[in-house]
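By written order: A, B, C and D. Residues from 1 in each chain.
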Amino acid sequence: MDFAFPIRIYWEDTDAGGIVFYANYLKFFERARTEWLRSLGLEQQKLREQTGGMFVVTQAQVDYHRPARLDDQLLVTARLQASGRASLTIRQQAFLQSPADGPQLLSEASIRIGWVDGASMRPVRIPISLLEQLS
Amino acid sequence: MDFAFPIRIYWEDTDAGGIVFYANYLKFFERARTEWLRSLGLEQQKLREQTGGMFVVTQAQVDYHRPARLDDQLLVTARLQASGRASLTIRQQAFLQSPADGPQLLSEASIRIGWVDGASMRPVRIPISLLEQLS
Amino acid sequence: MDFAFPIRIYWEDTDAGGIVFYANYLKFFERARTEWLRSLGLEQQKLREQTGGMFVVTQAQVDYHRPARLDDQLLVTARLQASGRASLTIRQQAFLQSPADGPQLLSEASIRIGWVDGASMRPVRIPISLLEQLS
Amino acid sequence: MDFAFPIRIYWEDTDAGGIVFYANYLKFFERARTEWLRSLGLEQQKLREQTGGMFVVTQAQVDYHRPARLDDQLLVTARLQASGRASLTIRQQAFLQSPADGPQLLSEASIRIGWVDGASMRPVRIPISLLEQLS
């Protein structure tokens, strides 16, 4: 089963269309990725202090199926889809938790993140210890 | 030549990595789309009042090549890539305007937007008058 | 004891100064206010559907004492400071939860919210049933 | 006359109330402050590289009078209200530019910013050369 993280919709997340502003799903997906990494023992601030490296997003593909609204309760998942020497691809989904109708898929994404040197921003190999914690 | 819109990078756009937070490029692309529509005589607030419909993003594919930083000056483009009965695909690019090295491609995206009824959020045909203004 | 709500710091919350962007504390304070209202049985989306009214912020006074950083865990409080016929003032504080040093006050605010008609945006009296739930 | 900077309202700025989300005025005020500093020859990224210091907001007092909406055109001002050894207070206003009714005051703020060492985040004296450029 995928890692799943609950996210509540607040005013800050919505727009004048009355629904969640679509760019904010990238925030929700990142919160879930961050908590997924944390659940594997990986804190990004500490990672940077220890290794000098950090993850940056290099590609995002997002499909939007249905809108979410103020006060909605979402469940956002994260799963390692593919891993290379310098990048990972994470598969993510956002579900509305509807007491009446069960979970409804709102949005899904593939997010590719690369590991870069924090000073030069150039891609470098993901530390082996980090890859081991991921698998 | 594509429609192009200048965007300045402020503190609000950056993150603790020292670079522009990647989700914010979706905001930059949307500002450029909005101004591109406005340059064609289309104001979205008025469109909604007149037709009851509005555009929503249904798919976003974004590639990130290089980071932008605080105080950088960007130029963001928009071009109609494809149009259907109920959706449009817009091709967009964000360039850094570097006085020394000329424009550098930072990020590029294909954004698919669908036309929906503002109340039901269901896809409906794009009004013909609107399609005519776009082409 | 004040109502308290935990908030984790993500990349989206930070800026290139390496700290949480100060405007984002207004979001944190609002999440805590929203959960405080929810804990009293008040859901804002339902309130609007039932009464046609909604809360809007009319004044915000915020003091910033210390910065928060990526991965920090905050505790944000909310307490009714004063209530009138058409507005409430909420007192709020944001604490860093530091395992080593105990809670540290990062920021504090007084937020005045008014009750308005959702269509005209004009101030109206807060419904009595709502005031009763608040006290 | 105060320094004034035009700001257009996009989807990203609005919320489900159909109006601009109040926290976003802090972003608008900051864009205007940044451009006001730039008009005086002060670029914040360069300042940090040259001096190791940066401005942080230590207090914000904001009054909200009327809402702005999608597609609105605002004019946001900045004026030095007071200056001390380690902090400045900036007075700012946001006006709606209404062709029919003339400018309407939407929001106004006093923002106190302190000068800190970028590494320790501790308050330090504002460099004299910087103060001279401000006056």
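Brief remarks on what is shown
Operating definition for what follows: a contact is a pair of C-beta atoms (placed from the backbone, for glycine too) under 8 Å apart; a residue touches a chain by one contact, two chains touch by 3 or more.
Since this is a predicted model, take the numbers as computed values, not measurements.
Relative to chain C, the chain whose mean Cα position lies farthest away is B.
Inter-chain centre distance (chain A to chain D, centres taken as mean C-alpha positions): 32 Å. Averaging C-alpha coordinates per chain places the centre of chain B 26 Å away from that of chain D.
In chain A, the residues that reach two or more other chains under the touch definition are 11-12, 17-19, 23, 27, 30, 69-70. Viewed as a network of touching protein chains, the structure reduces to a complete graph with every chain in contact with every other. Chain contact summary for the complex, chain D toward chain C: residues 17, 19, 22-24, 26-27, 30, 54, 56-64, 66-67, 118, 121. Only residues 11-12, 14-19, 21, 23, 69-70 of chain B touch chain C when the two sit together in their complex. For chain A in complex with chain C, the residues that touch the partner chain are 8, 10-12, 27, 30-31, 34, 43-46, 69-71.
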